[in-house]
Amino acid sequence: MSEKIFVKGNEAVAMAAIEAGVACYFGYPITPQSDIPEYLSRELPKKGGTFIQVESEIGAINMVLGASAAGVRAMTSSSGPGISLKQEGISYMAGSELPGVIVDIMRQGPGLGGIDASQADYFQATRGGGHGGYRIIVLAPNSVQEMYDLTMLAFDLSDIYRIPAMVLADSVIGQMKESIIANPRPQTILPEKKWAVRGRGEGESQNVVKSLKLGDGEMEAFHWAMHARYQELGEKESRWEEYQTGDAELIVTAFGSTARIARTAVETARSAGLKVGLLRPITLLPFPKQAYAALSQRCKRFLDIELSTGQMVDDVRLSIARDAEVAFYGRPPGAGSLPTPEELFEQIRKNY
Amino acid sequence: MSEKIFVKGNEAVAMAAIEAGVACYFGYPITPQSDIPEYLSRELPKKGGTFIQVESEIGAINMVLGASAAGVRAMTSSSGPGISLKQEGISYMAGSELPGVIVDIMRQGPGLGGIDASQADYFQATRGGGHGGYRIIVLAPNSVQEMYDLTMLAFDLSDIYRIPAMVLADSVIGQMKESIIANPRPQTILPEKKWAVRGRGEGESQNVVKSLKLGDGEMEAFHWAMHARYQELGEKESRWEEYQTGDAELIVTAFGSTARIARTAVETARSAGLKVGLLRPITLLPFPKQAYAALSQRCKRFLDIELSTGQMVDDVRLSIARDAEVAFYGRPPGAGSLPTPEELFEQIRKNY
Amino acid sequence: MKQVFDRPASLKDVQTHFCPGCHHGAIHRLVACALDEFNIRDKTIGCASVGCSVFLYGYFDIDVVESPHGRAPAVATGVKRARPDRMVFTYQGDGDLAAIGTSEIIHAANRGEDITVIFVNNTTYGMTGGQMAPTTMPGQKTSTSPYGRDINNDGAPFKMAELLSNLDGVAFSARVALNSPKNVLQAKKMIKTAFRYQVEGKGFSFIEALAACPTNWGMQPLAANERVGEEMIPYFPLGVYKNTENL
Amino acid sequence: MKQVFDRPASLKDVQTHFCPGCHHGAIHRLVACALDEFNIRDKTIGCASVGCSVFLYGYFDIDVVESPHGRAPAVATGVKRARPDRMVFTYQGDGDLAAIGTSEIIHAANRGEDITVIFVNNTTYGMTGGQMAPTTMPGQKTSTSPYGRDINNDGAPFKMAELLSNLDGVAFSARVALNSPKNVLQAKKMIKTAFRYQVEGKGFSFIEALAACPTNWGMQPLAANERVGEEMIPYFPLGVYKNTENL
Amino acid sequence: MPFINIDEARCKGCGLCTIACSRKFVTLSETPNSMGYTVAVFSEPEKCTGCALCAEMCPDVAITVFKDR
Amino acid sequence: MPFINIDEARCKGCGLCTIACSRKFVTLSETPNSMGYTVAVFSEPEKCTGCALCAEMCPDVAITVFKDR
Amino acid sequence: MRHDVFIAGYGGQGVLLAGNLLSYAAIHEGKNVSFLPAYGVEKRGGSAMCTVVFADGDTGSPVVGSPSVSVILNQLSFDKYAANVRLGGICIINSSLVVDTGVVLDGVDLVKVPMNQLAVDLGDLRMVNMVACGAYGARSGALAMESMEEALKKALPERNHHLIPANIKAIWAGASVAKA
Amino acid sequence: MRHDVFIAGYGGQGVLLAGNLLSYAAIHEGKNVSFLPAYGVEKRGGSAMCTVVFADGDTGSPVVGSPSVSVILNQLSFDKYAANVRLGGICIINSSLVVDTGVVLDGVDLVKVPMNQLAVDLGDLRMVNMVACGAYGARSGALAMESMEEALKKALPERNHHLIPANIKAIWAGASVAKA
């Protein structure tokens, strides 16, 4: 086991990207994610990679589109307003079946917002904030180690399924420092990027990367094909963590930073003799429906906790057995609105 | 009753906007909605209004933000990619509690897409494609007359609730010609725009229009206040149409153009002796949950039809009684993918 | 008998969707000639934009990547940075480049990205049905300027070849036209020069081509062709606006 | 005893959040002086941008509307078109105006919107912690140009006062600095002129103010102030770049 | 003797070639073809100099030029 | 006799005023105040010309100037 | 009673104007009307189609899968759409251009009208769409000739009103050939 | 065993460095650590806080509502956060700056350490954060002095390693005053 290093969540993302062999980073500063471009502006050139601070988030996502179309690993990162501006580009990437990693360190909003942790962009991430009814892969780390590991996973899944992948965290996970093991890049077998534009080359045939599909039934067929791919993703790649769910009579569910706070609340509840468990989705898209379906066969009470007025709770309701109940506790984002373990324990007691 | 006029859906939107007293239109061309700016570039100046073809959709939505902040009625219109680009601006308007009307004539996507009718942007419209977990008002006309009437309603609701309002249609409704009655602007009592920036004026105090909320608990309070406003909207402003639902054993549900096609299919089914009804949401946000809840008390079988792989169907599932079943039939957008009444009748028969 | 004029090899032998008399076709051919000239067809990536030239991939026998409306210079930057040894060009209309794509073209030019930009100025939005463009001329009637472009409301037409020349990153900038054999031959020379700059790694090269859009101008092809010479060229003078080789 | 120097009435009597030695404060005061001078405080709407000047509403005793990052010129256009008889100005940093807001400023200027734009060039992104700006100087180290701005990768700094002067819509464009009493007095004159243009309906007026950002330059206030004179002014020369009154 | 070849299938009858030929050897036919285009026709081959200016003008690359030498 | 007034509560001790006064009548105090700022202090009032240049320089509008006449 | 008619041809044949004319005629008869134009990607040349639905009550779907009447102006459209006509429906073709009616349409009343020729005889090929309208009205009986004459005033821009008499002739010409 | 400590002061007092030091010390003792900095809107001046959680097992929530130990370096922070300390917990204050301890904290072990003074006595006010760390280690017993000494190597940038001996003195100074 290699030595542990004590780093910020955002730095872990940047380190993982380099380990994953990212060739190009394109981004525009925005708090609370600027550590990522700052780290990469320092380290990526050393590795022969390209770092550009672009004039805007729109320019950045479209450079990612171009670099990815050319067959290399490319990424961008942003938050709130910047992610909104990238929606058209993400839609084009999805429509062109281009891989690429987008890191979204959520901050409070709407509008200008601020740097406080938020989970109110769950819908934007999982429903496709952009046009055309596409979906992307969304991974939700809850520790600095996962910021590192899931960033590398994002690159692999994105290349394998040819779907843009997003790492979705917030300022708590992004600014927090923890010791991690900088795991080496996994030996995943990746498909060759035969489709990439590299110059057609002597004799070889023309490659075209595009979203345009005007033939009769062509776009509809694409939608169904992607739909099937999303199903496959759901079966093969859904990831989640269960803690003390075995005999639980109430299952708390939350993702990212909230799941960290909730876990301590669950521990408190256990030591108070309450049979409470925690179900944490690690992949938000695909949403681990199967875990909810299975657990709700036995346990009929769920408590969904989010830093919003309720978004993931829809997916929970759509995933559980019909006779199971879901309570919701939300702390929408903003200064001074981060819940404490003590507070969540209270909620557990109330809903137990 | 004033004389009927035979016009395109898009033209009806533009006429209604003028009747509603829109002072400023800001837009950027994109098919299939360009008839709107084209009509307004001709007619709005005659009424002393401002028409600007802006350099981009981003510029346009932000001009709407500015004009609306200054207290006048302002609007923009676009489709697919252009709507994606407006997401940041819409989030700022929502965060600043600014009224304003956005017309979205959906086209196929993702990416560049094409002019074929689509309903795959339902999530983008109803889940807030932008950041910050806000919601907007979404109205879904299914006739040229409704294009006219709902556009005027959009302006009123937006002014009353201080929430941006979207008119969501597609190329079928936008390009279709029907005879309409150009109703006069309703005599709605509207709140005075005391908050608008007009220059503080002698003695009066400063007005500030902003989304920034940095005080302890300030943004969280805003989220809950808006949440309450959305609930109020749901209770007071939900609109839907029921057709032959009284004794129905199967209820077809669809919005916009699809609802038009479905209605004929339902008629066919009725004449074939099948007890089938149609439930058409007119407001997609607020979603008429109460209608689904009520009908599903008695009728346990629903068939949701959309021009997508399934989006509104989530809201249907979340609204109906737990023991009711929802079947889904989707025709994702694209050339040659518009369903026919005959085809939908087949689906009704299959699910009856 | 020897064939002294034939279709360039980089141009597919297919019928285009362009309207009769549309200059896009001529510009396509000249770009293809440049690719042939430097024998770079197999190492060139074209960045298509959104407009009547959206089917670039259908006409050029090269790898092509589609760009969102106005973003071709950003997409091209991504491609070029990923594959610095390849030749990369964008092909953009005036709505695409001078309206929605303003930021992308200005910053790509300022960074001096080693790409070639072909900018087709036909004073209107062709694909969407003839709305006003940033280059629409004063008084010109379009579907969104029904009373003619009003400088006071809409501003004056952009002169991109001149404007971009002010940026240090720009190595070559020229304006050409296709309205006469003489101008076509001159345009061919300029387009080759623009690509030569990239081949020689000299930096960002820019070609503004004045083009006719008979369909949306509501003119017959010949009349439209004449308008280029009589109205456009006087307002958008042809010539080289920047040429770092002469510095 | 007569008070010969006092805080302008348009400027609230509050402590600002600006760092010691930040020139934003001085620029705020001079804008307030102009509002007082023409007695337009009560009919002026300020369009705040996103940056260290985001709290514009906290310091100016006028109506203020917040704009998304870079979009202040579009927001100002909306306000001005809705209320043509009001005075409208934007206050933007260099990241806001010359990076993400490039399209909006260029097109507002080209349309000749009757607004005044105050552009604060401090060669960095202040609010977000000192990243590279479009105006960051060659070789200048920032948190995203740790090895110094590299012209070949990042392009040369933008000279906005000069660039915008090329657009017909621009009526007045000048660059000022706040690093010495002389320059402050000159800046005061220029800012007043810019607002006078709007008061007289003469069209789009633009002020670029060179400013110190001690915090992100990692310098003491006095050293930062000196840098403005020694490094910035030679590269960004002060003066009037466009003045339609002299035409 | 030089001559040009006009590809009927490519020609859209825009007529730009006709103004290219100083000697007016290229003209448009009177009758529209199946596509509704009045395509270009080459007259008096014997006098063609093979300057290829018509071909240079043609936006649809419908003209090819031959010359001996 | 002209004099200036430095508002302790506004002054952030940046020192820009000190370079404005050609005669160096404005200097920075040695000891930081509660905010940690070494604020500006006005010395030798009797010689002040009331040119107000220090006030013009002050980014925090902490200086007001008085003059008789 | 609910009527629907599908009209197809190539760009330039005035398919949309025909659809508008029938729409205004139906409106003149106090019907509710939905007129749905359909255009392919290449708006120039290519094919043009439209569907007109009119009824006393609700028009329902503007989209029609199997039209009760189809009016087809060229071969390409015939090959592509003729087969859609519903059993017991009518298929009116422009026999000047639709030469090969290979597709057998049993249960469908196939009406051949040499529209180009009739139009040319009347002096202007561009009136082919009027001939088609007349043929539709006469054969389907869904709309009165008089209504179409009235409709011309609304369907045609002022500047073309001088053409109304000629157009009326064309309508009647189509009618006389088509009426069984 | 799970430990948590909350440190608050104003910008410039080295709160975050203190948090980092304790983190590295805990790591040195083989613990899992979560260090969560918290910054207000105005990053300049204003208040600085951080929370350090360390445990043999899972650190769980990086956010702590009622800390078991709070180290408070100025009056403002005391007034705002002292009351949060949990029953039976420890509240170590910088008595040089926290003069008014009006808030009664029953069930909490209030430890007064004149940190500024100790630091100044040792020759550098900037070592106030080191004094605080020593006080925390000694009073809570959660971390060994030796671990902190070790931690200095990692918490301080190379260029400041010459200050380590002085810092060690400061740590011990704080410790000696704080240990009951």
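The chains carry the letters A, B, C, D, E, F, G and H, assigned in the order they are written, with residues numbered from 1 in each.
The working rule: a contact is a pair of C-beta atoms (placed from the backbone, for glycine too) under 8 Å apart; a residue touches a chain by one contact, two chains touch by 3 or more.
All figures in this text were calculated on a predicted structure; none of them were measured in a lab.
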Number of hops, chain D to chain F, where each hop joins two touching chains: 1
Longest centre-to-centre distance from chain F, chain (CA-based): G
Pair sharing more residue contacts (C-beta pairs) when A-H is set against B-D: B-D
Where chain D and chain E are represented by their mean Cα positions, the distance between them in whole Å: 60
Mean-CA-position distance for chain G and chain B (Å): 34
Separation of chain C from chain G, taking each centre as the mean of its C-alpha atoms, in whole Å: 43
Computed distance of Cα centres, chain G from chain F, in Å: 88
Shared interface positions of chain A, touching two or more other chains: 52, 55-56, 58, 81, 88, 92, 96, 111-112, 114, 210-212, 214, 335
Shared-contact residues (touching 2 or more other chains) in chain F: none
Multi-chain contact sites of chain G, meaning residues that touch two or more partners: 41
Parts of chain D lying in touch with chain B, wherever the complex brings them together: 41-45, 47-48, 54, 57, 61-68, 71, 74-83, 86-87, 103-104, 107, 111
Chain A partner contacts - residues on chain B that touch it in the complex: 58, 80-81, 83-85, 87-88, 91-92, 94-96, 106, 108-114, 116, 118, 120-124, 127-134, 210-224, 227, 308-309, 311, 314, 317-318, 322-323, 331-337
Residues of chain D defined as touching chain A within the complex: 50, 54, 66, 68-70, 95, 99-100, 102, 125, 128-129, 131-132, 134, 143-147, 153-154
List of chain D residues in touch with chain F within their complex: 1-7, 11, 15-16, 18-26, 29, 178, 180-181, 184-185, 188, 214, 221-222, 225
Chain F to chain D touching residues, read off their complex: 2, 9-10, 12-16, 18-20, 37, 50, 52-53, 55-61, 63-69
